[in-house]
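Order of writing sets the chain letters: A, B, C and D. Residues in each chain are counted from 1.
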Amino acid sequence: MARRIIHLALFKEDQVDETAEALEALRGMGIVDRDISVISGTPFSEKMLGRPMTWTRVPIIAIAGAVVGFLVAAFLNFGTPLLYPIRVGGMALQTIPTSFVIFFELTMLGLLISTFIGVFVESISPSYGPAGYDPRISDGQIGVLFWAPPELDPKLHETLTGLGAEIIHGTETKKLWLF
Amino acid sequence: MAEQIKEQVNERWGMVIDMNLCTGCNACVTACAMENNIPWVGEDDAGYGRGIYWMRIQRYWEGEYPETTPSYQPVMCQQCGHAPCEPVCPVFATVHSEEEQINLQVYNRCIGTRYCANNCPYFARSFNWFDYSYQIPEPLNYYLNPNVTVRRRGVMEKCTFCVQRIHAGQEQAKAQGRAVRDGEVVPACAQACPADAIIFGDLSDPNSRVSQAARSQRSYTLLEALGTEPKVIYLKGEGTYGG
Amino acid sequence: MAAEVKPIANTLHTPSEEHEELREQLMFDPRPREELNRMVLDSMTHTTPRYWTAVGVLTVLVLTLLLGMWGYLIFTGIGISGERRPNYWGIFIVTFVFWIGISHAGTFVSAILRVFKAEFRRPFTRAAELMTTFGLAAGALWPLIHLGRVWVFYWMIPYPNARWLWPNFRSPLVWDLLAITTYLLSSTIYLFLPLLPDLAMARDRTTGWRHAIYRALALGWRGTEAEWARLRKAISIFAFAIIPVMFSVHTIVSWDFAMGMVGGWNSTIFGPYFIIGAILSGVSAVITILVVLRATLKNMTYFIRPEHIDALGKLVLVFSMAWAYFFFNDYLVQWYGGHDVVRALLSFHASGPDAWIWYCMLLFNIVIPWLTLWNKKLRRTPWVMLVVTLLINVGMYFERYTIIPLTLGHQRMPFDWGEYSPRFPEISLALGSLCLFMLLYLLASRLIPMVPVWEVREGQEAHLVRKVGKTVVPTVSELD
Amino acid sequence: MNKPLPWWLRPWVRVTAGLIFLILLGGAVGGIYLTQQTPQQPIQFPHSFHVGAGIPCLYCHPGAQWGPVAGLPTTQKCWGCHQQVAKTKTSPELQKLVAYVEKNEGIPWVPVFIQPDFVHFNHRPHVAAGVACETCHGDMTKVTVAEAKPRQNMGWCLDCHSKQPQEKWTRLSDCSTCHY
C-alpha cells in the first residue's frame, strides 16, 4: 500500500454547507467514506453532512450492565438469605414487594455505570479513521480529515480552497490523552 | 429421646402485669437498672429527657387540681410478636428470636440509626447518647452484672425480658436433664415487685401461672389496634391504685 | 403597537416586544464560538482577592464548623446534639432530607428539560448539574453524621463478611443507601458526559496544571462523528434513565418516614409530596445559584439572563401550587381519617409551641411565591428572585422540620410527648454543610467550564429565524 | 528544555511523599502485628509436656464441664503434683512456682482465649455435645505457652454451628444464644 498523506481541511464555523460540498467533492475524487473523518466542535449529525451513520456499542453495553445489575439485585434479594441462613425469627427473609426497590436501584445503577464505561472504553480504544487534530476545532471550526494519494494533491488544493477551507498537510497526531 | 424433643419446643415467654396490684412504687425499675447494668446518665441528661430506662412507670394525672388522682402503668418493651422495630433496622441489630419468641437487641451489631426507637409505638427503647460506662468510678464497677453486656456509646438498648436469666434457667434445667419449671425463670422486675403484680412465664404452656392470668377477663394489651401482638399483657385495674 | 412609537433607529431590532423576549431567552445574539470559549475560560481563570477571601473563609468554616464539630461528635457521642426521647431524629435528618431535596432539581432541570427539548435550558444545565452533585455530597454526609457508631457504617454495605451477616434488604435505610449511591454516581457521570467537549476545549487553551487535568479528563476528545454519536447516545440514555432514579431517590427518602408506624408519617402520599417539595426547593436553589453566578462570575451576564430566571420562576410557581395541593391532600386525608393520634398531631403542628415553624412554612412556600411570581417584572428582577427563592428554601427546611421532630414529639403515648430544640453542635454542622456546598461550588466554578459552550452554540445554530405568515417565529431544527 | 519541573514532579516532593507513605504503612503493619502477639505469661508453662504426660485438659481447666468459664489452675492445683516432682527443685522456671507457693499467692495467668464482652460463650454445652478441646484451642501437644488462634470470629462460630443437625440450627443461629 502506497503511503498516503493525511490532510486536514479546516472550515469556518458557519461553513456547514461548504463542508458538505467538500465531502461530496472528495467522494467524487474517489476517496471512500472510510478514509474520511469529520471533526467538529459542535455536534453535526451525519445526515447534515451526508455521511454514513456511525455506530456505537454504548446501548448494548448499557443493556448488558442493566442485566448484570438485575442479577446482582436478584442475588442480594434471594441469594444471600439462602447462602447465609441466619434466622432472624418471624421476619420473612425473602419478600417480593420490597425486593422491587433493590431490583430497580441496582438495575439502574448497572445501566448508568455501564453507559459510562461504554463511553470510556470506546473513547480510549484505538480508532481506525484518519487521526489528527487541530485546537481550532474546539473553536467551532469544522475539520475534514482524509487520506489521499499524493497525486491528487493539486486537485484537492484547488477544490477545497475554492470552498473556503484552510488545508493543513500531514497533521501530526498530538498526544491528546495519557497514553 | 427427650433431649431431642426439647430442642424443638419453642417457649413463648410472656408477662402479665396486674394493674390492680401495682402501686407504682418503682421497685421494678430499680431492680431492672441493677440487673441489666443500666447506666446512670447524670442529673442534667436525665432532666433533659435522656434517662435510660428499660422499664418505667408511666404516671398520668386525672382530674383538676387539687382533686387529682394519679394513675400508674409500668411500661417496658412489649416484646411484640409483630414488631415495628425489626424490619426497619438496616443491619439486623434488632431481630426476633425464634427460640424464646422475644425481640432481641444485639448491641454489638447496632450502628445507631435510631430508626427502631422512632418506630416503636411504646417508646420502649433508650439510646446511649454518651459512653456512660467510663463514668463509673473505680470500685463501683463491681456492681456491674457480668452476664449482661455493658453497652457502649451509640447503641440502642431495651428490655430483654432478662434473657440472661432465661438462658441461665434453661442451662440449669438442661444440665440437670429436665424441662424448665414454671416460675423458675423470673426477671428482675417480677422478682422485685413487692405486690407480686408482675407474673412471668411460658405462655405456650396453658397451665403456667402466666397463661392462667392472661386468660383473665380483665386482660388487654397496649395499643392493641396497631396489631403488634405484644407479649406483655395488662390486667385492667379497678381504679383503686392503677389505671 | 409599542414598536410603532419607537424611534426609527430601533425598529431594526424590535419588530415586537414579545419577539424580543423570545430572542433573549434563546440567546439570539450569537457570538462566534471562539469568543464564547474565551468568555468561559476567562470566567474560570479570573480570580479576584474577594474570591480568595471567600474561599479562605469558607475553608476555615468547613474545617471548624463541619469537620471539627464532626470529629468532636464522633469522639463524644450523639449526646452533644439536642436529640432526646422521643425525638430520636432531629436536625441531622432534617438537613439530610433538605440536601437530597436540593440535589433533585439539578437533574430535573437538566434531564427533564433535555427530554422535553426545552431550549432555554442550554446555558445553565451545567450549573444545575453541579448543584446536584455537590448537594448530594453535602447530603450524603448526614446519614453518616447521625449514626451512633459511624465507624461501623460499612455494615450497611452488602459484601461477604466474616460475620455471615448481610444487611437487611427490607429496611428503608438500606434502600436509601443504595438509592443515594446510585444517584450520586449517576448524577456525577451525568455531569461529566456533557462536559467532555468543554474539557477538550479547555485542554486546547490552557497550559500547566490545568492542561494536565483537562487532558486527563477529556479522554482524548477530538470531536469526531463517532465521538459525538456516542455522546449523544449516552446522554439520551442518561436523560431518560436518570429521571426515574431521581423520583425513586426522594420517594425512598420519604419512605424512611412513610414506612414507619409513626402517626403522621404513615401516609401513601408522602412519596409524591416529597418529590414535589424537592423539586420546589431545588428549582428555587437553581435560581439562587444562577442569580449569584450572574452577579459574581465574569461574563455570565451574557449566558444567564433575566429571561432564564423568568422561565425558571414560572416553574417554581407551578411547583409551589403543586406542593400546596399535596400538602392539603396529606393533611386533609389524615385529618378526615379521624384517628385520634393523627388529629391531635395535626392540631399540634398548628397550635403547639413550635407552630411558628408551621406557619412560616406555609408563608414561605405558598403565600410569598404566589404573591410575587405571577408578576413578570418581579420574575425578571434578580434580587427579588434571590430573596424569594431563598425564602422558599427556608420554608422547605421548615417543612422537613415539621415532618421530623415536630411529628415525632407528639405520638401515641402521651407520657412520651416531648419537644425538641437543636443545640449548637447540630446547627454548626448544618451550617458547615452549607459552607461545604458553597466552597465546592466556588472551587468548581474556577475549574469546570460553568457553561456548556457546545450546547449553547448548538442551540444558537439550530435556531433559525423563519417567517411564517406575518410573524417571525423561531424554529428548532431537530438535531438528533 | 529548560522549563522548571512542576512542583509535583520534583524529586524531593516524590521522595517525601514516598517516605510518608512508607512510615504510615509501616505503622499500620506494625500496629496490626503487635495486636496479634501472644501475651507474656508469669511462668513459661509447657502445655506440650503436660498434655504429652497424659494429663487431661479438664484436670486443670475443670470449669468447662459445668459452666461457662473453663478456669485457670490455682497455685494449689499446680503444687499438688509438683511438690512430689523432683524437677521442681532444679528447674529455674519452677522456682517461680515455688515462690508463689511460699508467698501463698495465686499465679497471675494471662487468659489467652478471650471472647469480647458482648459474646457470652458457655463451655458446658460444647463439652456436653462432645466437642473436643483441640477443635477450638488447637493441638496443645505442640505448643508450650498457649497461643491464641487467630480469626475466631462470628463466621467461625457459625461455620461449626451450621454443621449441626437441622433441628438445632434454630437455636444455634439465634442471636440471643451468644449476644445479650
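General remarks:
Methods note: a residue touches a chain if its C-beta (ideal position, glycine included) is under 8 Å from a C-beta of that chain, and two chains touch if they have at least 3 such contacts.
Predicted, not measured: the structure shown is a model, and the values here were computed from it.
Look at the CA centroids: the one farthest from the centroid of chain B belongs to A. Counting C-beta pairs in contact, the chain pair with the highest total is A-C. One finds 30 Å separating the Cα centroids of chain A and chain C.
Note on chain placement: the centre of chain A and the centre of chain D lie 60 Å apart, centres being C-alpha means. Look at where the CA atoms of chain C average out and do the same for chain D: the two points lie 55 Å apart. Taking each chain's centre as the average of its CA atoms, chain B and chain C sit 46 Å apart.
Residue positions of chain B with contacts to 2 or more other chains are 87, 92, 95, 97-99, 109. Residue positions of chain C touching 2 or more other chains: 164-165, 168, 170. Residue numbers of chain D whose C-beta contacts span two or more other chains: 158, 170, 174-175. Residues 81-83, 86-87, 92, 95-99, 101 of chain B are the ones touching chain A in the complex.
Those residues of chain B that touch chain C in the complex are listed here as 45, 48-50, 58-60, 75, 84, 87-92, 109-115, 117-119, 121-123, 126-131, 152-156, 223, 226. Touching chain C in their complex are the following residues of chain A: 13, 37-46, 51, 53-56, 58-59, 62, 76-77, 80-81, 84, 86, 88, 91, 95, 98-99, 101-102, 104-106, 108-109, 111-113, 115-116, 118-120, 122-124, 127, 129, 133, 135, 137-140, 143, 176-178. Taken together, the chain D residues at the contact with chain C in this complex read 6, 151, 153-156, 158. By the touch criterion stated above, chain C contacts chain D in their complex at residues 161-165, 208-209.
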